[in-house]
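Chain lettering (A, B, C, D and E) follows the sequence in which the chains are written, and residue indices restart at 1 in each chain.
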Amino acid sequence: QEARNYFKVGVITELSGDLATGGNITKRGYDLWAQEVNAKGGIVIKGKKYPVKLVYADAQSNPAAGAAAAERLITQENVDFILGPYSSGVTLAVAPVVDKYKVPMITGSAESPLIWTNKFYYTFGTIPPINFTGAASIKTLTELKPAPKTIAIIGSNDAFSKATAEAYKAAAEAARLKVVKFSIVPSGQDMTPLLSAIRGMKPDVVAFGGHDEEHVKMVKALRQIGYTPKALLMHCGITEKAFIDAVGKDSEQIFGTTCWTSTANTKSKILWPTAAAYSAASRKAFNNPGDYTQGGCSAAGIAFQVALQKIGATPGMSESMRAKLIKALEEVDVQTFYGRVKFATSGQYYHANIGLTPLTVQIQNSKIMTVGPKASLEAPAQYPMKDWKSR
Amino acid sequence: MELLPQALADGILLGGIYITIAIAFSLTYGVMHVIDFAVGEWIMFGAFTGFYLNKWTGLDPFIFLPVIFIMYFVIGYLVQPVIHRVLSGTKGNPFLMGLVFTFGLAIMFRGIALTVFGFYSSSIPSMFSEGSFTFDNYGISVTIPTVRLVGLVYALLITAALHFLLKKTNFGLGVRALAQHKEAAGLMGVNSKRTGSYVYGIYVGISAMTGVLLGCILSIGAQMGNEYTIFAFFVVVLAGMGYLAGVPWAAMLLGMVQSIFMIYFNPSHTLLAVFAILYVILLISPRGLFGRGV
Amino acid sequence: MKGIRIKWVLPLVLLLLALPLVIHDTFFLRVITEAIMWVGLAIAFDVIAGYTGYLNFGHGAFFGMGAYAIGILMMQAHLPFALALPAGGVVAGIAALIAGFPTLRLKGPYFAIATWALSRAIQQLALTMDITGGPDGMRLTAFLNPQFFYYLMLIVVGGTFILLWFLLECAPFGLKLKAIREDELGAKALGLNPTKLKMQSFILSAIPTGILGGIYAYWITFIDPASTLGDMVSDQAVVMVVFGGMGTLLGPVIGALLIFTFKTIFWAYLSDYQLLYLIILGALIAISVVFMPNGLWGTLLSRYMPGKRETKTDLETEAPQEEGK
Amino acid sequence: MKVLDVTSISVKYGNIQALWDISFSVKKGQLVALIGANGAGKTTTLKAICGLAPLASGRIEHNGGVISGWPVHKVVDQGITLVPEGRQLFPKMTVEENLLVGAYLKRAHGKRAQTLKQVYSIFPRLEERRNQTAETLSGGEQQMVAIGRALMQDPDVIMFDEPSLGLAPLMVREVFNVIQELHRQGLTIFLVEQNVHQTLKVTDYCYVMENGRIVGEGTGKELEADQTIREAYLGL
Amino acid sequence: MAEPLLKVNSVTKCFGGLMAVNNVTCQVHEGEIVGLLGPNGAGKTTLFNVISGYYAPTSGSIVFKGQDISGRPPYDLAKLGIGRTFQVVKPFAGLSVLENVVIASFLRHPKLADAEKHAWRILETTGLADRAGIPASGLTLAGRKRLEISKALALEPSFLLLDEVVAGLNPTEADRTVELILKLKAEGMTILIVEHIMRVIMNISDRLVVLNFGEKIAEGTPAEVAENPLVIEAYLGEAAA
């Protein structure tokens, strides 16, 4: 192993291709972490400071390119550890490679349950799988007054969105909400006809698993056909500033599922003391408060940092040191600006972060407000939703 | 059954959108015999132009349509000579080369858009995006969003305008002659380069205007083009390539299939059905629905 | 002539065989392995596109079907890879037979778009079926031995190349396909059965593509509809073949190697300029079409060996009416 | 007065030189013919005049003004019209539309209704078939459309490239009749033909071409009398 | 008289409502040259297309060497010994002249080397050998017409259909082609030929069949046909004969 006085960190993510939007958000998260660490002089290991240097590899939204990227970062760049991809597909192709070379990887974003059920020893994730978070929002909604009774659920047919819709469905059924319609639709399509049909069923809640562009289309379609459900639930994508910019006042009162917001009530001793501090830093760096994907990515860096400090690892880690690092990661249990990071070591969430509290948020006056669960409440949920026309 | 009227209405409105995407595209194919892979990218550029004009001036994007048309007409007019050069090449297979050339353009345009506009999706606000008409009588209930209706009207206007241009004007006569036999058209005094440039300019201009409309109805983003390119192909092939009169019917059929399928069948199979239908129709009638493609 | 060829070919073959023994850099080996894969995909594509004149925009579907066939056979039927791999080729071949029967009647852009629609339909099918894992895709047991995949890829692609070289350049088959490309109706009068020849070439193009898809699946360990059944394979194949020179065997090889190398270098060492990559690639394609309509190899051939091989030159447009349609 | 004056033009197709330094002229109101073996360069000559084949060297004048190097549509606008080899109609357009395209240019557009009537009076057959698409016509009818379309351009000089090719004897005679009739009406005509016998009978003057060069010229009678030309080029 | 080589039995071919060939019956005997005449659009090429398998007859049948061949595809008929040329010549433009003929030679000589040898022989007969290497698109019209004949001959047919192979040739060229046709006849080839040039068709044909509007209006020796008032009216015109 080459001797270095800095940590060389591989970053594999989707900088181009269909998933580039998400990939670039993860990049921001990783970048911000590295910036902050280096601003403080580096990671302190046994009293000595080691800065970090990120080496990027674009996975081009393509699993094969992801695998090649992993191989390059490990064998050519000799990175100490890896910050992982945005999407589950690429992660699934990268994970066997990092297992083979025994290099630890934390992905700050991929949240398909599939990754964790495969039980890759060297792969961790800071964002809990969607089936872990999805249930919480449904629960928040069922606690509203008057309680909604019916729900229509739509999912776009990609891995993540479909899992989201399925998670909502399972939770709704468990909460005795009547699912009047459950539909998976091809990605990117105009959903107006389907929504027209749903309008006829008048469900109290419409829940949707999709990506950013589809969120915009969804809201506009509902508005155009003049159907305002009592509650409209989407996923974390709505917490992105771009979404609120895109649909403006129509974003008001939309619910979302997340684990973190820029106003989340978190306290930390590492890097950023609070979510607000993180958010301020993000604004300064990218003119964007950051969303939970970005936050998860920065938190992934912190998790590594903590584990490294714990075992006193220095750059240019040997294989046995990296094995130790895995053990240390499994033992990480730390409060960060992002909330508690604690990786599961068994079961269906193997190596996913189960330390977080899933949050239900709502857009109120163009701000993301946490409306559930009670312990994290920032504002009461506004319900039912104001008619599109009277906005 | 009570959903049927709405399903039909949605199908027609969706069909209107597909007309706007495909009609000018069909025209350029008919005249220049180029399958323009960049059709979606022209739409995307138009959409962003509308987006920024709206943002800077605060005026309704529909007001800018003529400006956008002229802007992109000029761009198309200037790009066409290069395509002409590729297509009139004496080496290789010009049809294929034209296709690959525009394929390259499309990739380049997408790269430029991602660099300039970034990755996020957005939307263009318009006074039409607000309201909708509701018809609720005789047990039939149909809601028609204003902006989609405007889209349909726009589609029909463009179709009528192109029809008039082609069938009733001397310029149109020249265009049609050019489409059928380039050299003979030249002998009749048709300036093939300039006419080709006009046609391509008109096509690019219309596509850019369509982008604004799509931005009002749906969403915009640097990567939006690909999806529309697919539908443009779909409609044009179904109509018979270069057969303009077939476009509205093919577009309506496509809209109907999507609408009916989403409502009455498993929505996840919608696209499967769409592609399967395209495939089957091509097998039965290899030159499009009406057998009139070139 | 033959002597010179062997002088060139022999060292090349030895070099390729010895490569993994000399080079221990697994990333480099992976890149070369993928380059070889693209060479295989490009030459297979050129059989139907360049020689027979049918631009298949659904080439990627054969690749994906091969990949899924192997995925399903290995993961659900628990077949060993060695048995599953030929099945990938067989599946692609049968698919070509079924798809070709109706589509090969179509002409020009209609064929291109019908095959493309078909490949889209297959992608949608994979997205909605259970056995394929839907949008989640499918994970295969990992067998990450770089040498194994290198040699396997080399053998399959090398074998394909030799087979195609023999069939297309040394046997009557290639000339017959070109006759179909130039004038299908005219060819009929000369005793050629276009339906049969087109089908043969379609299947010949599909089988190696399916096998390569199978190897890809086992090598990358993960397949999903977006990456294996998307437009990527078809798009790249078109670009590589057109850039290199259609209707020749060496053209696609050169095209595949150059484009892939360019892409890899850009991607690995200039990744900060990702978006520039799209712009440069797009511009490169467009410019190469304007200035080298016969592709790189075709242009070199006509410049340095004029008369040796002219691809389609200008045939004046004849009377509009086609005979005997 | 020279309507067409061609001075030492050469044309190349890639490396192949098709025309070598040829010169000739056509006077107003004359019917001039160009004959010669297959591949002699007759079609190429016509194309060069129209601007369809670029000149490697030489000059072409029309009514005293230089037109070489001009694009085809501009040449046509000068009143020079070609009835091309193989007719080259617009197959999906009707007979009438084909004729109307002939009057595309401004010079002919104004009086197109009138010219159309004239064309129909020359070819009553076409009036009967005015709404039929061109591709469904028989060979002879297609030839009539091609000639009619050229007349619609209100030409000054009309050039024919093998108008009798593939026509039945009856039709051949009819086409020659039309050409002679046009000649009588005062049009300047430049005719390329393989049907040498008939051609020599009707021309005022004739050029003989071989391998891209002009190898003989004279009136029809002179050429028919010239024994070398008879044997070597006319196969008589 | 021996059984004819080709029998056309009341063949009709319709395109939509148009009867391009209407109830035509005729025969061609071994070793004969039969000329097919008729005004433009009379249905000559269409009849060729039916005989050579490009169209299936709407009704009626074609019998070749005692076998009913109606509806059989062209490539099968080529094997049986029917060779044809096209009125609109369409060589394989991107391939060399030699390659064009080699492709046709594969029918009887499946090995590449044999086919090449055979193709050279054919090109020498038809006088194209010196142009063997150039791309077919570089040929003049006369060259293309001769290439068209070469390709048909490379099939080693026993029956040859020639569709306007002389049209467009100047008198010298035309004479050379006529010579070639007569030479083939001397070698025992049976030929059905369409041509508008009277000088040619009247001289080489043993018998003529005349079509008008798809129907057969006359049949007989050239001299008989030239006298036939129907033929004069529809085809030759008053001044002829």
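The rule we apply is simple: contacts are C-beta pairs under 8 Å (C-beta built on N, C-alpha and C of every residue); 3 or more make two chains touch, one makes a residue touch a chain.
Each chain and its UniProt protein: B = Amino acid/amide ABC transporter membrane protein 1, HAAT family; C = Amino acid/amide ABC transporter membrane protein 2, HAAT family; D = Amino acid/amide ABC transporter ATP-binding protein 2, HAAT family; E = Amino acid/amide ABC transporter ATP-binding protein 1, HAAT family.
This is a predicted model, so every value here is computed, not measured.
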item: Reaching chain E from chain A through chains that touch each other, fewest steps; value: 2
item: Distance-maximising chain from chain C - centres being C-alpha averages; value: D
item: Inter-chain pair with the most contacting C-beta pairs; value: B-C
item: Cα-centroid distance, chain A relative to chain D, in whole angstrom; value: 76
item: Chain centre separation in whole Å, for chain C relative to chain A (CA means); value: 38
item: Chain B and chain E: spacing of chain centres that average the CA atoms, whole Å; value: 48
item: Whole-Å gap separating chain B and chain C, where each centre is the average of the chain's CA atoms; value: 31
item: Multi-partner residues of chain C (each touching 2 or more other chains); value: 124, 127-128, 275, 277-278, 311-314, 318-321
item: Residues within chain B bordering two or more other chains; value: 114, 180-181, 183, 266, 268, 271
item: Two or more partner chains touched - positions in chain A; value: 16, 18, 157, 184, 186
item: Interface residues, chain C side, partner chain E - complex; value: 170-172, 175-176, 178-179, 181-183, 185-193, 307, 310-315, 318-319, 321-324
item: Of all residues in chain D, those that touch chain B in their complex; value: 50, 52, 71-73, 76-77, 81-82, 84, 88-93, 97, 100-102, 104-105, 109, 149, 153
item: In the complex, chain B residues that touch chain D; value: 170, 173-174, 176-177, 180-181, 183-193
item: Chain C-touching residues of chain A, taken from the complex the two chains share; value: 15-16, 18, 56-58, 60-65, 67-68, 71-72, 75-76, 88-89, 92-93, 96-97, 99-100, 112, 114, 118, 157-159, 162-163, 184, 186
item: Chain E residues within the chain D interface of the complex; value: 38-42, 87, 138, 140-143, 164, 167-175, 196, 198, 234-237, 239-240
